[in-house]
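Below: one structure in structure tokens.
Chain naming follows the written order as A, B, C, D, E, F and G, and within any one chain the residues start at number 1.
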Amino acid sequence: MKNRFVSNILLTFVWVVLTGDFHFSNYLFGFVLSYVILMVITKGSRKAKYFTIVPKLIFFVLYFVKELVKANLEVAWEVMTPKLNMTPGIVKVPLTVQSDVGITLLANLITLTPGTLSLDVSNDKKVLYVHAMYIKDKEEFIAGIKNGFEKRILEILK
Amino acid sequence: MFFWNKINAQKVISIAGSIIAVILSSYVFYYVWENGTQKVNAGNWDAPFGIVFVADTLAVTLVLLTALSGLAVSIFSAGSVIKDRLRFGYFPIFHFLLLGLTGAFLTGDLFNLYVWFEIIIISSFVLITIGGEKAQLEGAVKYFTLNILASTIFLTAIAVLYGLTGSLNMADLAGKVAAVENRGLVEVAAILFLIGFGTKASIFPLYFWLPASYHTPPAAVSAIFGGLLTKVGVYALIRVFTLIFVGDVFLGEILMVLAILTIFSGGVGALVQNNVRKVFSYLIICHIGYMIAGLGMFTEIAITGVIFYLIHDIMVKTNLFMVSGIIFKIKSSNSMRALGGFYANYPKLSLLIFIPLFSLVGIPPLSGFWPKISLIGEGFATENYWTVAAIIFASFITLVIIAKLWAEVFWKDAKEIPEKPKFEYFSDISKARKTQFILPIVFLSLISLYIGFGAEHIQLLSSRIANELMNSQQYIDTVLNNS
Amino acid sequence: MEGNVVKESYNWVPSFGVNLGFTLDGLSLLFCLMITGIGFLVFAYTSVYLHHHKYLDRFYGYLSVFMAAMLGLVLSDNVISLFTFWELTSISSFFLIGFNNTQEASRKSALTALGITGLGGMFLLAGVIVLGNITGTFSIAEMLNMSPELIKGHEYYTVAVILLFGAAFTKSAQFPFHFWLPGAMKAPTPVSTYLHSATMVKAGIYLVMRFTPVLGGEEIWNTTLIVVGAVTMLYSAFHSLFRTDLKGVLAYSTISALGILMFLIGMGTTESFTAAAVFIIVHALYKATLFLTTGIIDHQTGTRDVTVLSGLRKVLMPVGIAAIIAAISSAGIPPTIGFLGKELTYEATMHAPIIATLLVVGIVITKILLLWAGFVAGIKPFQGSLPESLKDTKMPGPFMWVPPILLAVLSLVFGIMPFIIEGSLIKPVVSALGGESGEIHLALWHGFNTVFILSLVTIAVGTTLYFVLKPSAKLETAVGKLEAASPKSLMEKFNVGFTYLSSFWTRVFQNGYLRNYVFIIIFFLIGMVGYTMIGNTKFNIDPSILSNVSFYELVVFIIMCIAILFTVFTSSRLSAVVAMGVVGLTICLVFVFYSAPDLAMTQFSIDTLTVILFVLVLYRLPRYLKIQDHKMRIRDGILSLMFGGLIAVLALEVLSEPVNTEIGDFYAENSYIMAHGKNVVNVILVDFRGADTMIEISVLTIAAIGVFGLLKLRLKRTDRVQ
Amino acid sequence: MKTIILRTASNYLLPVLLLFSIFILLRGHYLPGGGFVGGLIAAIAFVFHSFANGLKNTKSLLRFHPGFLMPAGLALSFFSGLSPIIFAGDPFMTGLWYHGHVPVLGSVGSALFFDMGVYLVVVGVTLTIIFTISEAP
Amino acid sequence: MNIFIGVIITLGTLFVLLAAVGLIRMPDTYLRISVNTKAATLGVGLLLGGVAFYFYDLSTTSRTFVIVLFLFLTAPVGAHLIGRASYFIGNKLWDKSKMDDLQGKYQKNSHVLKSEIDDTPEDNVDHTKM
Amino acid sequence: MEILLAILVGLLYASGIYMILRRSLVKLIIGIILLGNGANLLIFLLGRITKGLPPIIPENSKVFLEAYADPVPQALILTAIVISFGLQSFAIILVKRAHKVVRTDDLDEMNATDEDS
Amino acid sequence: MTLVEYCRIVILPVLAFSVILILIRFFRGPSIADRIVALDLLITTGIGIIGVYTITSGSSTLLDTGMILALIAFLSTVALSYYLERRSKKK
């Protein structure tokens, strides 16, 4: 996977130098172009990982942005309305992801989303303690995280 | 710094470096003496745009004196400063301090002077705290705070001057400040400089850091502090008041009043001290007053006296703090009440110490005497009778104090001071190390004797410096390439 | 010899006009003979007196230095070199008085003597410098050649006279500076003989004599000398009555003699000069003899208590002879030279320019008392019966007893044959003083006249007194009670007072409280700057410099103000640190708004690091003190606000001055073209003003080494004391 | 602070910060930045790492004592200031320039090495101070 | 174009404003930390997006991109740490909070965080007892 | 804006001194830092302030095409800031050591070295 | 109204107003953590202000400061949290 990525970058540079156009858009174009070429010319099982992960990554980012906007609006509403209708609390979310990177990524994404805050991960890495503004139902909340961010992270890190 | 842990190598390098510094500065001194004021443009940018280093006679003289004191204290340090302190960068920082002093004397740029001052104070902070004993730290807190305060005031003064003239080069400022119409602001800037430098020079009422701290670090450190640190403040005062703010009557009067109070405070302070090093500390203040007085009179002869006194004082104060070190090494105390018996037990050493002690008093023809002729004479000529009275008072009180010290430490019977366990007494150390204690004192005493008996040379030098200072146009022309 | 002057000169510090110029004229010759002659005898005497002393070599060393200095003093033609030798005599005297330096009393006397003579030295220094100012030369010969009117008419004439008198009176132990001399008797007797009777104390006399032709003749000169001399001679002659220590008696009578000399010089007539010149010789001979004999008595018997001593003629006959001759000379009884001296003195006094009668009474009383003192010192120990305790007293070696005999014999010889000294010594001296030496004719017998009657009265009354009044410890104690009002104790009280003042002054300023130091410094700054600004500045703050304030700028201003105040007034250290972060951020924003991105970056990075530093250190530091002192806070607050206000006003004043951007423009123009950089600030840092940066990184390095040492270095117990 | 999140974050932030610091250093001659800020950022990067992973780990990452960077940086700056004396006979700190365009850096001259020296000193100083404090009892 | 930029900048500003209001209104520390991320994410993100579009060149675009990236990388870590620290120093949850699963899971001395409450209650950080 | 900045500078100086005048070591350090900030800002202000025109030569030009802020004060302040940082770190450590050795935070109790001994 | 004017007249004041609100929180606390959070948000807002200011001044080099702020601002938070934790451990 790493090799692919490096090749991709190198090809991008070759493209940029060849065309002599050093603008950002040309880099981007070169990257996409060499990505496609690499995808085409690579065979075998190793192919799968790098070339499936990039689209997943893109979708993941989009998903995150969606969540971000949604939560932002939610919190905005909360702040604007005169009465506080929150039901906050700290929820223990059991973790499926085991790698440090995965846990960190998950925790950070949760934090970045307004209204929720990853307080800490237990030392045995089994649970994540999340502070949230709206906990209508604990199980539902946990499921939301597990089926949302966590599932996608697991996919990417597979 | 690459020899961090090799103490002996550090000692050798330090002393060798100091010798080289003496040789180089002697050469530069000779060159300037023969060929007049020189300058170097750092980065090849002409003044006032780049930083310029100017070697006029005053600067090279002080550089030479710094190198001489540096050499003496370097040798003294090799013998007296304990291993642990050496391991923690004593020598590199000591040489940084000397470098800072040299730079401060040579620079022709006001902000660059500030930066050199900072290198001086940070080195001195480190040297004053190195070892971290209780007294050292207590003293250091005061030393630190008041010096930082002084630096800030100095910086404030630079800001005002830059705001008024847009320049930092001292020669350039000379012309530009003269052209400023709002004289009140110029005067305020001058006062800010006076307070900033005055704190470093330890004049009244800005001297408090000095008696609070100078006796706390090892004697070698006190020696270099006592000899040079306050003098760089005096130098800076001389420089700005002869080059940038010239001939302001109001300032002259202020300087005179401050000088009198400085002399008085230092004198009475020294009178009531019991610790030998504190006595010397207060005497530093007292004698700074002479120089400020001369600066306040602002005649060529008075400035000659100031310069002569400066030369004498650097040598003798450095020496005296080393003397205090050797006294401590012998008896493990610096308290006059506790000390005694030196004359009986160390007659030769006592006679050696007699030289700096009575040079300080200015017993003619020892070195401290000559500049008083100029100062007292000009005091009368400029009708500053109170200043004359103060100078006479100071000479007298110095005599009384030193005589008392002599009687207590040298004449009085040796008291039984309980031996400190594990204290490494002078008598315990090797001959080579004893030499490292005594040699620098001999060296500086010889120089003091030369200043006294060869006063003609020093007087010629001083009057040439005074002449250059009073006729600063030549300095300005050299720096700004005016022809 | 008369009028002949020998000159020798070596340029020493020509820039000051200081040379080692030596001139031997009549006045110098008189003193030179005393110095070398008595010096020679004292050297010989000492060889026995301090025979087994551990530090005899040192003693001879000091004595030689003194002798050289004294000779230099009287021979110098240059006032600066005269001063140099003057100070050297003080210093060598200090060492000689303190020769027995392990004794506290000895040290104390040495200090007192040095203190007084040192003070005089300062007067002399100032005096000769003033003289130099008046005359434009340091050469005495040149001063003598100047027209006296020029000097006496000068505005500094009085100052010069006062300063010189200050020097002379202290050195020559005139009232009220006399008290160091009795104290100096702690020195070994040869020292007392040599310095404190024959030579050093006469340096002041020499000085006055030397400058009589230059400065003398004016009323202030004469009157002061007469009054001070008269008071001194009477006061100390009277005081000698109450001493039981032989050396004490001698010391007071010496002071009295010195007073007489001042008194005589002050009259300023040829007669008085002659009298003075003769009396110098008289006194040198008899007083030296008496001191030497006293030394022998002390050395051989171990006591100088005159109430104990008697009958010593039986064991110390030759010494006794010398002493008795000296006593007779002292009493002014013929055929000693003392008689001659006294006659001349009376003669001169009778012709005194002012209140002659009163002065005659004074001088006669003095002489009577001195007669008593001389008898007590020279006759009393040898008279009467020898007490048991002194039976074993031995004669000392000849080196000890020959010198006093020689001196005593001289007293007789000069008395009988005064012409020996008349032409060789007296006349030259008088002419050096500006007197008419032609009028002088010395003879033992002056005829039966008023002076002779006065002499007879003196001798009669004095001798009677000697038999009536014996020295006694009781008297000494009784007079001791009066000591409280004596100059000595006044001086001591002044000393105590001054020391108290010194401690007080030192404690007030150097009181150990850092905040007081800061307070004084800032107070001083406000005072000075404020005074200057109120006096000089125009307060014309140009409104055009106050460009419009946007809302966001106002907000930044408000935030910073609040954050600063919060930093100052919060009671939690951590909150203060956080608030400083806010301050830092707002400063950073100011830098961004006003075109200084580099500064903004650096400021912010450094603020962050400072917070980190604080945090790493803070929990090892104590919480804020809970000290509430409202008065102090208000005082400090007012001071701080004044300081801040001053700086703000100063800033606005400067801003309304025209701006000069010459340097910045040069940098901007050349930044790319010559220094190949476009960020001018960076180019300044690494190129135009790279030297600053070089030093600055050195500062950082030193700070780091310092921190490292401060935290890592723990002195071992053994090193802690080094 | 033993939190997984901080530790992991520090592992990816450290290279980012270091890279950024060098970026800031190199562009200083043309745009805001330079040796000071660059050095401060690099130092902050290591300090951050030490918060997350403990001082020991950070030190083992560095392999040498940060104090060594101080003389090294001083020497580099000093010699780049000295180079004009040696190579061109010009006064101390006169700029020496390689006349030609180098990608990313623009012109290369003694000033760049000078700034690098500054960078090293700042890193060395800051780390020495902070590490010493952290270790002190 | 300018209108588009104006709109996203306005939106960004509003989010920042709301975060500020939230900071005032939110009743406990944890909630305040939570709303904090608003400004850091959408607010500043949109503002800088506007800047990028306004200048529309590589250097500005990359710089704004880097700023946002840095914020995304660092803000959550900071929030995590300060949230954790607030729990240690005993900041209580808003009294209308529904639950506190963290109750009793931290060890006072070691700061070890457990996934279950174990048998060392004396060492557990417990806000109800503080 | 100059007047506001002047007031700020004054306030920084005032608060710096006020803090130095207190008895606590920590306040002393804070005071020194505030004072340093004040001095830097004063240089900045007296070097005359210019809005939005950093002294950086535009990309495709060799000289400035429009007005620019005076770069000199900025360079000076940069040097001053860094130097103060060095001094302040030393100060902080000094205070820490002093507190540890002297065992007090009260500056009033640190006066042994001024006493006659 | 141009965009630049809009930014200057509307956007910057609104952001400045936000800053005042944040400052109120900073002032009120009550816990030190709240102050740290307020500082954090203040810096983030500061980045936004710098961004808008680059538009009004037309000088994009000022954005560089924003980069530094974004990257190292949280270090203060880290350090302060570190402190709070160690302090609570000590108790």
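The rule is short, and it goes like this: a residue touches a chain if its C-beta (ideal position, glycine included) is under 8 Å from a C-beta of that chain, and two chains touch if they have at least 3 such contacts.
Only a predicted model underlies this, so the values are computations on that prediction, with no experimental measurement involved.
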Any chain in contact with chain A as well as chain F: D
Interface with more contacting C-beta pairs, comparing D-F to A-E: A-E
Identity of the most central chain, Cα criterion: B
Centre-of-Cα separation between chain C and chain A, whole angstrom: 89
Centroid spacing, where centroids are CA-atom means, of chain A and chain D in whole angstrom: 33
Whole-Å separation of chain centres (CA-atom averages), chain B against chain E: 57
Gap in Å, rounded to a whole number, between the CA centres of chain D and chain B: 37
Multi-chain contact residues (two or more partners), chain A: 107-108, 118, 120-121, 123
Touching two or more other chains - residue numbers and ranges from chain E: 14, 21, 33, 40, 70, 74-75, 77, 80-81, 84, 111
For chain F, residues that touch 2 or more chains besides their own: 20, 25, 28, 38, 42, 46, 48, 51-54, 56, 72, 78-79, 82-83, 86-87, 89-90, 93-97, 107, 110-114
Of chain G, residues touching chain F in the complex: 53, 56-59, 61-62
Contact set on chain D toward chain G in their complex: 1, 6, 16-17, 20, 24, 31-33, 37, 41, 44, 47-48, 51
Chain C residues touching chain F - in the complex, by the definition given at the top: 510-515, 518-519, 522, 545-549, 553-554, 557, 560-561, 564-565, 567-568, 573, 576-577, 580, 583-584, 587, 590-591, 593-599, 602-603, 606, 609-610, 613-614, 617-618, 620-625, 627, 636-637, 639-641, 643-649, 651-652, 654-655, 659, 661, 663-664, 667-669, 671-673, 678-681, 684-685, 688-689, 692-693, 696, 699-700, 702-704, 706-707, 710-711
For the chain E and chain G complex, residues of the former touching the latter: 2, 5-6, 9-10, 12-14, 16-17, 19-21, 23-24, 29, 32-33, 36, 39-40, 43-44, 47-48, 50-51, 54-55, 57, 59-60, 63-64, 66-68, 70-71, 74-75, 77-78, 81-82, 84-86, 88-91, 108-109, 111
Chain B partner contacts - residues on chain F that touch it in the complex: 20, 25, 28, 32, 35-36, 38-39, 42-43, 46-48, 72-73, 76, 79-80, 83, 86-87, 90-91, 94-95, 97-98, 101-102, 107, 110-114, 116-117
